[in-house]
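Each of the next two complexes has chain A plus one more chain, namely chain B in the first and chain C in the second.
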Partner chain A sequence: MMALAQTRLDQLSARIAGLHFPSTGWQGKARGDALSRLGEVGLPAARDEYWRYTAPAKLTAAEVKADVSKGEVAFDETDALRVVFVDGVFDAAASDDLAMDGLEIVRLADAVTDIHWAAEIYGQLETKGQTPVVRPLATLATAFATDGLLIRVTGKATRPVHVVYIGKSDTSDAILHHCVMLEKGAEMTLLESGDAAARFTSNLEVDVAEEARFHHVRLQGRNADRRVNTHIFARIAEQSTFKSFTASINGTMTRNEAVLDIVGDDAIAHVAGATVGDGRDFHNDDTVFITHAAERCESRQVYKKVLKNGATGVFQGKILVKPGAQKTDGYQISQSLLLDGDSQFLAKPELEIYADDVKCSHGSTSGAIDDTALFYLRSRGVPLRRAQSLLVLAFLAEALSEIEDEALAEDLRLRLEDWLDRHEG
Partner chain B sequence: MALEENLSELEVREGVDRETIETVHAMSGKYKHGWETEIEMEFAPKGLNEDIVRLISAKNDEPEWLTEWRLAAYRRWVEMTEPTWAMVDYPEIDYQDIYYYAKPKSMEVKPKSLDEVDPKLLATYAKLGIPLKEQALLAGVEGAEPARPVAVDAVFDSVSVGTTFQAELAKAGVIFCSISEAVREHPELVKKYLGSVVPQSDNFFATLNAAVFSDGSFVYIPEGVKCPMELSTYFRINAENTGQFERTLIVAEKGSYVSYLEGCTAPKRDTNQLHAAVVELVILEDAEIKYSTVQNWFPGDENGKGGIYNFVTKRADCRGDRAKVMWTQVETGSAITWKYPSCILRGNESQGEFYSIAIANNAQQADTGTKMIHLGKNTRSRIVSKGISAGKAQNTYRGQVTMHPKAQNSRNYTQCDSLLIGDQCGAHTVPYIEVKNNSSRVEHEATTSKVDDDQLFYCRSRGMDEEEAVALVVNGFCKEVLQALPMEFAMEAQALVAISLEGSVG
Partner chain C sequence: MSRSASKGLWANIMLNIKNLHVKLEDEDKVILRGVDLTVEAGKVHAIMGPNGSGKSTLSYVLSGRDGYEVTDGSAELEGEELLDMDPEERAAAGLFLAFQYPVEIPGVGNMTFLRTALNAQRKARGEEEVSAGDFLKLVREKAASLKIDADMMKRPVNVGFSGGEKKRNEILQMALLEPKMCILDETDSGLDVDAMKLVADGVNALRSEGRGFLVITHYQRLLDHIKPDVVHIMANGRIVLTGGPELALEVEKNGYTDILAGVE
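Then we have the complex of A and B:
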């Protein structure tokens, strides 16, 4: 590995100056390792191919300042175990009791004992996710996470866990790292909502054992100033299911990466997202990398973006089918609806396939609202705006239908509809 | 190979005609066109420096401006690094270990007529199986009228040796000659258009080409002229270790039309050969160019030894409104293919089409695709790419579709399908889609699958052997592209698809 150029070293030093870095115990080892890896690769640069469509500057700048007071918390109708983080730090008073049948939750900052199951996962899945493409911001989160949750799922969790992020300080820079381990046959639903900070960097490492099921639904909502960079790293074992959905509303810079490694036969991995954005400052990037390393597995990527007034939507999705991963069924669709002439959609949907008995396809489309459909609705007496809104919701529906729990899907659908009502014209 | 051993046996058997034996030879994995003509070559010394660039320029009798143009390119090239983003893997190329200039010695004094052309050269064309009556013309037979006119500008290594049909083309006002001749006879046209589509320092390989291009074809279709025949160039790399740096420039003036065919074969070699060609198409208002390629260079042996490195820059610039370009390619040869015929749709309502079949067998690696850059209003593009991987080959479709903000009401449709034969090969799709206005529609679809077992079974049950069955299914898979080829190539290409895949099943 070549030594980093001085400018990139300086940039890295400026970014990590003053960040939280406990150096003892099992965490210290994982964090130290991450720091040295980060020192080798540096922060993402604008010329990196993996950042072709998203300028990393807003995520790598030394400091950010934003109004985070408008962060939106969702799923209030859902009976869930609430865990609250304020400015990236666990708030025990605002959170529910962490005890629940079927799972154990430990706060990362409290997990200091030398032998901890999370040592097998923390930073490990992230490290594995660094090839073939480096993801330095995930490494940064491994090294400098202020807090997070370590969740071990031993049975069928009775309620979802809802992680609520609240940002109070307008200069805060929250870095969280969660690990979830699902044991054989275990099940859980993880919800996330709210804006943690002016800039939120987070890792979610999920180890899904045989026959386990993991559901993940999150809302990145409302706050127009928000900068977010999240990474999901999942290891998906035999006959297990992994499903993740992200609704992203507003935000000045959002980059969500999902790195899914299907290692066991007959497993299922779905990721999906619905994005709505308004204005020239809006930039939303979904980057997905799914590796099929086992037989008869199914993966789906469904992403829909509605963009207006100069907003930018990015999708980079890749399906890698390794030699021997026969009978793979890989599907990927990325679509954008551009509500005006200024907005743009940039996509790089990739397939890399080394096995012959597979069925893989991807589709990508971009365009305006269908005039014929609009005309039809209007001819039936539906007012123009209502007709537009209906067509946009219909467009987003395919992504929302990826959420298994209908109540959660409906909650997000209403929020998207509300956004449309407020952003008419 | 047992088959090979049996060949001599076959030959002595009675009742087996020559053609059958040849077919068997071709099918047994031997490269059909793997022979070498012994003609004295004149080489420039190995390696590349400013002196070599000047020498190439001097050998071609070029004017000062072109020499300077080449030198400027060379100076840029020295500063550039070889691109590594393509999904191809090959040993490092030593650019100083290559001859940059070779020409048949008998060409030192230009023949006054075709009769004076080295007979061995003529025999070369015969072996190539140029399917045309030009054989007779080249041999000097009076009154040999072609049934269907196709003009050939044959490039033998680095210098064009014979151009036919000049008279008939001249009558229509069409200029079809070697680029070196064009530099001498039509300097104003060459100066105006050369490098205007693929700039001197466009990319590493194109810049190298700009510095050292030895020859190539030049076509000029005047305003309103529909070229009376299809034009064709047969490329052939013939001298060991000679890089071939062709430069093709086609200019279609307002309202004109031309169909250009390019087909290639090359002799069998052990050392890798570098080929870095540049093709520039300039298309003005209401004009149309069809550019079809069948590329069948030596792909290397089963283990990837030998074979051509094919690093080509092809680009069409639809400068005028309603200009139209259609690229059709059948890429079956070369050890490594790095080729992205592109369309710049500058004129309003201009159209670009790209039809491609890329077959990679054994250890071949192909990274090919297209770029559709929509700049003008109401522009349309269509991409149909069929990639077939067999053996241990890697086949990548890499493409870009960009709708600029001003390209209102434009349309793109992309379909790339990959077919895998065997579990050792790879098929990859890397599209870039950039949509910067909302009145345009962009659709991209890609699929990857294997040869359908039911279809194979059906063919087998009708008495076909496995290879025939696969060839038939693959030809069906490629149908849309094969249909886009001109007649002359369509038949040949179908056979080529079958031959390219031999040995990939069973």
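Then we have the complex of A and C:
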């Protein structure tokens, strides 16, 4: 391994100076390993192939200052177990009791015993997700997370767990790391919403055992100054289901990565997202890597981005079908609706297939609002603005329909509609 | 002349088109070359004419579609200048166009569309919005009379509808929105005999003292069911001949060549 150039070493030292780094127990081992891996690769740099469309500076700067006043918490109609983090710090008073039938929740900060199930997952899935492309910010989160949730799902969770993030300090730099382990046949829904801090870096590692079902729905909402980088790493076993959806509204720098490893036959993995952004300061990047290493599995990637007034959307999505992963059914679509000529959508869809009996398709489009449809609606009396939002929502509908739970989908749909109504013109 | 004076003067005139000249916005192509046409309230006027003569263009210009430039003339609905209004304002003022090619809108539910349209128009006119329950009843009733399947109403606007279903959906919208001035652009084309009867019944049910119709068609057959008061022939961007129902019969029998030779 080549030694890191001095400038990148300096940059890394500046970024991690003063971050939380407990060095004892199982966590100390995992974190120490992550730190040494990080020392080898350094932070992402603008000329890295994987960061060609998204400048990493806002995510890697030593310090951060951002307006956190406009975070948005969703799913208020859904009966869920709420766990609240304020600026990345667990808020016991605002959180529900962590006990629930079908699952156990422990805070990462409290999981200090040497024998802990999470030792098998924490940083492990993240490490696996470093090949073939390195994801240094995920490694950073493994090394320096201040807290997070360790959720072991043993049965069918009776209600969703809703992780609520609230940002209060305009210089907060939150790093969280969650692990979810679903045992055979177990089921849970994980919700996330709110803006955690001035800058938020997070990992979510999910181990989905045979026949288990994991649903994940999150909102990154409203705060125009948001800087966030999230990683999801999932190991998806035989006959299990993994589904994750992200609605992302506003934000000056959002990069969400999902690295899904399908390792058991007949499994299903879906990731989807709906993004809306207004203005030159808006940048949203979805980067997905799905590996099929088993037979008869289905994966779907459905991403829709609505961009206006010079906003930028990025999609990098890859399907890798390993030798022997026969009967793979892989689908990927990424589309943008550009509401003006200034906005841009940069897409890099990739397929890499080493099995002969597979069905994989991918498509990427950029388009404007359909003038004919717009006129048709107006000719029936629908005012211009309303007609536009109907068509924009129609565009987003395919992504939202990836959410299984109707009520959750409707919650996000209404928030997107509200955004459209407020961002007229 | 002030607006109110003109309104008083033309009390029984629904649509008044004068010397309408229209060209394409981006090209030097002139399409309408001085259309004069008056539709009285309570009357059904038909327009026939060869392909490409400008019939659809006239209907689009009246309803406010982009891409055309009016170089001269006017078009008033009950004395109000239509050409100054946005498409949605024209709709709220009472104008309705049943499209020659109804538009598919994936992702927008038919019911959402209809309800949004109806309530937007009512709101624009200062009327109360229709409640969800009343709306549902209203749609069911109108859909049943046009033999439109309830399942179709749940689908996105016109998506996966057959040609005939799309045309019936146009008439359903018209029945629901109760416009004052209805323009039907070849609503009969693509309809089977029974569907044409249904559509004609739908139109006839709406005929009333306070409502005008402009029915664009190529075929006498529709006019057997919807008896027009006046028939116009459009050619090369102008109304070149106006007569009674017998004009449509003549077109059906002899085609346009002789008729047009007579006027030019």
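In this section, the second predicted complex is superposed on the first by the 425 of 425 C-alpha atoms of A that agree within 3 Å, B and C clash if a C-alpha of one lies under 4 Å from a C-alpha of the other, contacts with A are read in each partner's own complex, and residues count from 1 in each chain.
In this section, contacts are C-beta pairs under 8 Å (C-beta built on N, C-alpha and C of every residue); 3 or more make two chains touch, one makes a residue touch a chain.
Keep in mind it's a predicted model, so treat the numbers as computed, not measured.
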Of the partners chain B and chain C, which touch A:L346 in the superposed model: first, second, both, neither? first
Dominant contact partner of chain A by residue count, chain C or chain B: B
So in the superposed three-chain picture, is A:L390 touching just chain B, just chain C, both, or none of them (first/second/both/neither)? second
May I ask you to decide whether A:T131 touches chain B, chain C, both, or neither, giving the answer as first, second, both or neither? neither
Taking the superposition on A as described, I'd like to know which of chain B and chain C A:Q6 touches: first, second, both or neither. neither
Considering only touches as defined above, state whether A:A373 meets chain B (first), chain C (second), both or neither. second
Once chain A of both complexes is superposed, is A:V382 in touch with chain B (first), chain C (second), both, or neither? second
Looking at the complex, which residues from chain A come into contact with chain C? 370-373, 375-384, 386-387, 390-391, 393-395, 397-398
Would you tell me which residues of chain A are touching chain B in their complex? 49, 52-53, 323-324, 326, 336, 338-368
Chain C - residues contacting chain A, complex: 63-66, 86-88, 90-92, 96-97, 99, 102-108, 112-113, 116-118, 120-121, 124, 156-157, 173, 177
Please output the residues of chain B touching chain A within their complex, sorted ascending. 85, 403, 405, 408, 418, 420-450
